[in-house]
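Going by the order they are written in, the chains are A, B, C, D, E and F; count residues from 1 in each one.
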Amino acid sequence: METVPLFDMHFLHSEIQEAVNQALTEDRTRYDVTTRALVQSELIGRAVIISKAHGVLAGIDTAKETFRQVDPSINFVAQKKDTAVLTPGTPNSAIDSNLIAKVNGPLASILTAERTALNFLQHLSGIASTTNKYVQAIQDHNCIILDTRKTIPGLRELQKYAVAVGGGKNHRKNLGDGVLIKDNHIKAAAIEGLSIAGVIERARERAPSNMKVEVEVETLEQVQDAVDVGADILLLDNMTLSQLDAAVSLVNGRAITEASGSVTLANVADVAATGVDMISVGALTHSANALDISLDIVEIT
Amino acid sequence: METVPLFDMHFLHSEIQEAVNQALTEDRTRYDVTTRALVQSELIGRAVIISKAHGVLAGIDTAKETFRQVDPSINFVAQKKDTAVLTPGTPNSAIDSNLIAKVNGPLASILTAERTALNFLQHLSGIASTTNKYVQAIQDHNCIILDTRKTIPGLRELQKYAVAVGGGKNHRKNLGDGVLIKDNHIKAAAIEGLSIAGVIERARERAPSNMKVEVEVETLEQVQDAVDVGADILLLDNMTLSQLDAAVSLVNGRAITEASGSVTLANVADVAATGVDMISVGALTHSANALDISLDIVEIT
Amino acid sequence: METVPLFDMHFLHSEIQEAVNQALTEDRTRYDVTTRALVQSELIGRAVIISKAHGVLAGIDTAKETFRQVDPSINFVAQKKDTAVLTPGTPNSAIDSNLIAKVNGPLASILTAERTALNFLQHLSGIASTTNKYVQAIQDHNCIILDTRKTIPGLRELQKYAVAVGGGKNHRKNLGDGVLIKDNHIKAAAIEGLSIAGVIERARERAPSNMKVEVEVETLEQVQDAVDVGADILLLDNMTLSQLDAAVSLVNGRAITEASGSVTLANVADVAATGVDMISVGALTHSANALDISLDIVEIT
Amino acid sequence: METVPLFDMHFLHSEIQEAVNQALTEDRTRYDVTTRALVQSELIGRAVIISKAHGVLAGIDTAKETFRQVDPSINFVAQKKDTAVLTPGTPNSAIDSNLIAKVNGPLASILTAERTALNFLQHLSGIASTTNKYVQAIQDHNCIILDTRKTIPGLRELQKYAVAVGGGKNHRKNLGDGVLIKDNHIKAAAIEGLSIAGVIERARERAPSNMKVEVEVETLEQVQDAVDVGADILLLDNMTLSQLDAAVSLVNGRAITEASGSVTLANVADVAATGVDMISVGALTHSANALDISLDIVEIT
Amino acid sequence: METVPLFDMHFLHSEIQEAVNQALTEDRTRYDVTTRALVQSELIGRAVIISKAHGVLAGIDTAKETFRQVDPSINFVAQKKDTAVLTPGTPNSAIDSNLIAKVNGPLASILTAERTALNFLQHLSGIASTTNKYVQAIQDHNCIILDTRKTIPGLRELQKYAVAVGGGKNHRKNLGDGVLIKDNHIKAAAIEGLSIAGVIERARERAPSNMKVEVEVETLEQVQDAVDVGADILLLDNMTLSQLDAAVSLVNGRAITEASGSVTLANVADVAATGVDMISVGALTHSANALDISLDIVEIT
Amino acid sequence: METVPLFDMHFLHSEIQEAVNQALTEDRTRYDVTTRALVQSELIGRAVIISKAHGVLAGIDTAKETFRQVDPSINFVAQKKDTAVLTPGTPNSAIDSNLIAKVNGPLASILTAERTALNFLQHLSGIASTTNKYVQAIQDHNCIILDTRKTIPGLRELQKYAVAVGGGKNHRKNLGDGVLIKDNHIKAAAIEGLSIAGVIERARERAPSNMKVEVEVETLEQVQDAVDVGADILLLDNMTLSQLDAAVSLVNGRAITEASGSVTLANVADVAATGVDMISVGALTHSANALDISLDIVEIT
């Protein structure tokens, strides 16, 4: 698969810094009473971060940044890059496919940072892993998996990055990034007597000239109307497989088609088989399960 | 169940304001190109927020605050309070158990705020609903469900609030709130030749005088040692049911017992049956599933 | 002219608040030593804001917000809305076309806020007035005036709003809002052996699916290539009038055309006469002249 | 002219950092969709910043800081210092008087930063260039050019620095920096029956003991009164040349004199010839024209 | 004594808001575990703030703002204004000279805010009370008490306000507010061969034209030199009473004189008797003692 | 005395950075008009920081951070660590017990930073010195000195650190760190008919499970009640020496005892002699006197 620019971690550095800072603040790491009481700040040691499950790694830089913010003298050496495939293992299997990173430095600082680093890694790797299962499921079809704006508040950019790591594509990031006419917009515009065709035309006229117009449609009549007035992208919402079949035929290449609603790992291949160009899945980000990853002190130097 | 002070939304007002502001910023609601192009800012209308699934409501104030920050002239009228039981329904069933809130005001503003409000409601209600299933599962035992620090970065306070709404109790909120000696602390202290008993004694000596000492133990020998030197709370980590049985007998009321590790809805009742005082479940917050909730425009005035 | 959504001040409220706060901070209005020494804080009076030149009003809400932030008890009553035509006058001509606002309240606060309020009004009205001259100059042609990203650092949103008030249209607001391939992008891509056609194709492939592709071209050959591979918008940069003529003929409606470079009030009508769809003018924002507006105390009550 | 400490860039470092950060934020450089799509982040190249007009350079450190904030790995090598005289040129004239800086590093980062860096350089150099024309125009007189508080909101410090680079002097920076009694202050104080002499006396009594007292006067009577009660500086506002002559004679060295109002390049020498000590010009900052400066990629390594 | 403008609380509102917010944050009032556990948020009650010592009240608005920020529904009714003379009393003496304020509202909120409100009141009233003793001690002399920049970090503005409430005057607030040449400046300038006279002349030449020049002198020779070159104010540092006598004679009204160094309540009258115009006392702010003030719940409604 | 973890400066780094930044901002060090006018930024020199009084050093890192923030090129070399005993001296006694630090670098920067660095050092060393006198006074008793939450707003963490440097112990840092039931809590709870015993029981039930319960008692009856229901710590408030004797006997080791109220250096040994475990002294932080410390330029290189 060709490298997509969005994979480039360089562009996310500021988001990572801010998210890590916020997470450390809410954990009050400056005031870790247990570590202060038990571990001298000069004590040096070594730990490993390992996977205890199958999945796809995402967020290695969030872990690195967490340790850096807690203590710049910690030496964090990643053993894998994001997109790496993970398998379960134990702390002692040092070169195996489960070893994610080695962390050396003041043990007090490592212990203070541990939970926050893992919270990021587990959440983002969980998203990448789930996304990858969807991507694998439709690999025989000419179709792509998209995310949505149904994200956990505060983590939009990082969650969407994890989707990309898992092989998905990102839909618009926010309300300023693209024109997407939803059913509620159509209802609101109906007050002024606008038909769905009228709404699309107004959007083409008034929206920024450099943006395409996407519209959510729920019936074949709406599909017909939208294509006729030149909508660029159709969001086929909550349609049955047979409706999707019909919609794809009706569009016949005059617009891009995107299916959404009630898509699961069990039915995603069937949806892709209808010929839609894209499938968007809210659960990738709103219902992500953490991947099991842990940190273990392995040696005292 | 007696009302626990932590339910009191009054204390969370600042957290809600900040989290909503951050979420609106990342969604760039100020620059909603679709709504600006299609809906006049003077157009007034009405919408409802409804549940489309069974569950427990949590986060009603986050939704209210979202609409307020987008446009103070929106009138948000909650129809239910947090802890309310929800059932699935449709927009037309106005007084039924699925009606969460009525939202009146400028439609442009309502449309701009919609996704962010739902993202909060769906996530928090998802946590409360899942927590409540665990609480129901052990209702015949004298045992409580606890959360952990395994939370989504940035949402610690709100997630823990949702756990409380679902009937769970909150473990310490952050590293400054309590002394919890984990296995990695014990490994670090071992360098200086400290036994687990020595570690607990040092914690009692050096930690703030107003805090109890909790320690993670993995074997019955450790249980014995910890109780002997006066640990206040034992975290029984990843023990089998029979190990838990034995640990509870060994402790015999001299300390509080907390079970953790690999607890699921399927086995939580068995764990509670061993007689432990508390069970902590990381999945409540690190792998929460969203509850299906939607907003629908119902009428134009 | 139909009201364009971007005129709606509602969407700019936050930008105004922040810009005013920054301006008051840099003027250290809290520490106005002259006013503190001379004017008692209880002294109430009345002032007027008047135009002393011909032009178009823009930024009335920035002035209102300035007085509000300095002292909420000031009563600011706008006498005109943005887009109003202004003529020169004196403080005594109270209902004439030069009266912009009446300001009543504590004189100490009014004096402290005066300079900041005027700085905003003069700058933004200057931009609107100049823009309007360009718009008037091409009113006989089916062509629109655009702004650019050549703005005064820190005032992008407000400057672009003032352009819209003057009758111009806004080009993209920032680097995330649209795809615009400039000559330096083409030079960079040439390293990999990409022709201009190759660059445009890559942009269509990789850029967010909801955005159109605009490309800067300097020769007729580039125009031909760009149109052939489906560029949506052509930025015709620094072309002579005859080159523009030829380019418009060559494009023949297959793409939108935008002229830019060395456009002045003296030649803008000639440029429009070539048939281009849009003309962008950097000087609207990077070299704006202030409009002469003043505040005068008129009466002590 | 002896170097005045205010030229020392060291003292402006924080202002530059903050202004650049704000400008990059409003341009959303983190989300440059065009560059992400077209240019790999590893691609290294070289660009030059050149002048395309006659003028005086100001703000070289703002350009340097812009590239640094976008990407610390960019190597920015200034070829000139602020106050350098610029002449027009092309990218190929590498050692000529038009070469401002060389910029080497990742081309993606250079392209992202380009516009913001130029916006600063063009604006500040425009101010320095215009100021310098005023300074040149009065070089035969013992008189200095001053700026005012009529600045573009948010850029006060940097604009005043550019005035100093052009050879002008800075009047007070903000309301806390000095006592300047304007006509509106005099009107306000008149309520309590205070004459202009009474106002000046009150200011001398109440204002911070370490500040001189400056007062705006519009008639010769006011000049007489102000000098008699010991005003330190007289702001002679909107006087004709003959009035200025008379005022200077009347003052006769007992106070410092400053002319202001309707001063242009055409008449500034005549104003200076009246013998006033200082001339303040609002247009230096409120109506600055950008100097034409550009960035060109010159070579791929 | 005539009311000095600096008394006007209106100008300090922002400082108070920020200082209170910071103090509440460091006390983590959002997380008051004791009050949450014991007091229901609906419980309404009444408290009084009373003085338990002799002194001068300062900072009543900081107390009001503290309660407002914790809970806007609290009703805080001040019974005295700043500068009021306080005497010791008990909670039951409701109209006596010791009753500072009545506080009604949710008891949980009042208890949470109590300590922070008192910390402000006690500190600021302590400063005002001490300052007032110095002012009383020299009331028979034509001399004023000044504060210094020797303040508690973070509280400069509020401490200086408290000095003014106690009857003292404020010296410059910060390094940008005035020119004060200290001994270390003179030592540094000596490198370039500058005498003290040379230093003063350079300051008059280069410093902002609206500021007077103050210089610290330690010997009569320096006094002579400074007066000769036109220093505006002399800071007579650590001189004996006889040296002060001689210096005042030497100056003979040609400059303002300020004594400083080792001034106490025991010797301040003697210092004033030397005829100096001003006496500055660092201990007013760097060694302030708290005034005893308390809050008592008096009634449950 | 064994090293207590709270001594570890590593944990306070962020607090120091923020406090120093705030102090430099309020002193407007960026705009030091005196130093800008008199000292060239290239001039290098050397200064020493010396003690002019007997005491205990605290806050050396705040001084270091102050110089670093003003100018990173300053070389600050501490000659002593916090807890060092200081004696009075002069700048020329270079190796003596009064030499705190050597500061080399640009003299302009050193002069600008001087006052802020000294303000921190004098305040914190003042607290440590006073605390140490209390600690010395009770060294023959098995008793410890505690601080309180009666601190100067904004400096809580640093003040409590200085107490620890002086040999005292820190009571809870803020309202979230521990349960302390004060007289006003008891009055509030009395509304619901709760006795002091009832209050303590409710606290044990509802407060976080990991915190002990401390209660303020004023009579022997309350002591008896509190011990009977299992309070962990008793705060014996404003008791006479004989009451304290009786209370200690009554408690008889079943709870920890803490005396508070009207404790001075004169009577602290008598209080300790009653056998209480801890004595808390508000004056350590609310009425601290500065220690006399100065900075002197000693040599120009």
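To be clear about the criterion, a residue touches a chain if its C-beta (ideal position, glycine included) is under 8 Å from a C-beta of that chain, and two chains touch if they have at least 3 such contacts.
Here the structure is a predicted model, which means the values were calculated and not measured.
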With chain centres defined as mean CA positions, report which chain is farthest from subunit A.
E
Interface copy of A-C among D-E, E-F or A-B, with over half of contact pairs matching by residue number, is D-E
Can you check how far apart subunit B and subunit D are, centre to centre, with Cα atoms defining each centre and the answer in Å?
55
Centroid spacing, where centroids are CA-atom means, of subunit C and subunit D in whole angstrom
22
So, what's the distance in Å between the C-alpha centres of subunit F and subunit A?
47
Among all residues of subunit D, those touching at least two other chains are 5, 30-31, 36-37, 176-180, 206, 208, 211
Please name which positions on subunit A make contact with subunit C in the complex.
4-5, 170, 172, 176-180, 206, 208-212, 214, 232-233, 256
Quick one: which bits of subunit C touch subunit D in the complex? Just the residue numbers, please.
19-20, 22-23, 26-39, 43, 45, 47, 107-108, 111-112, 114-116, 118-120, 122-123, 126, 149-157, 174-182, 184-185, 187-191, 199, 202-203, 206-208, 211, 282-283, 286-290, 295-297, 300
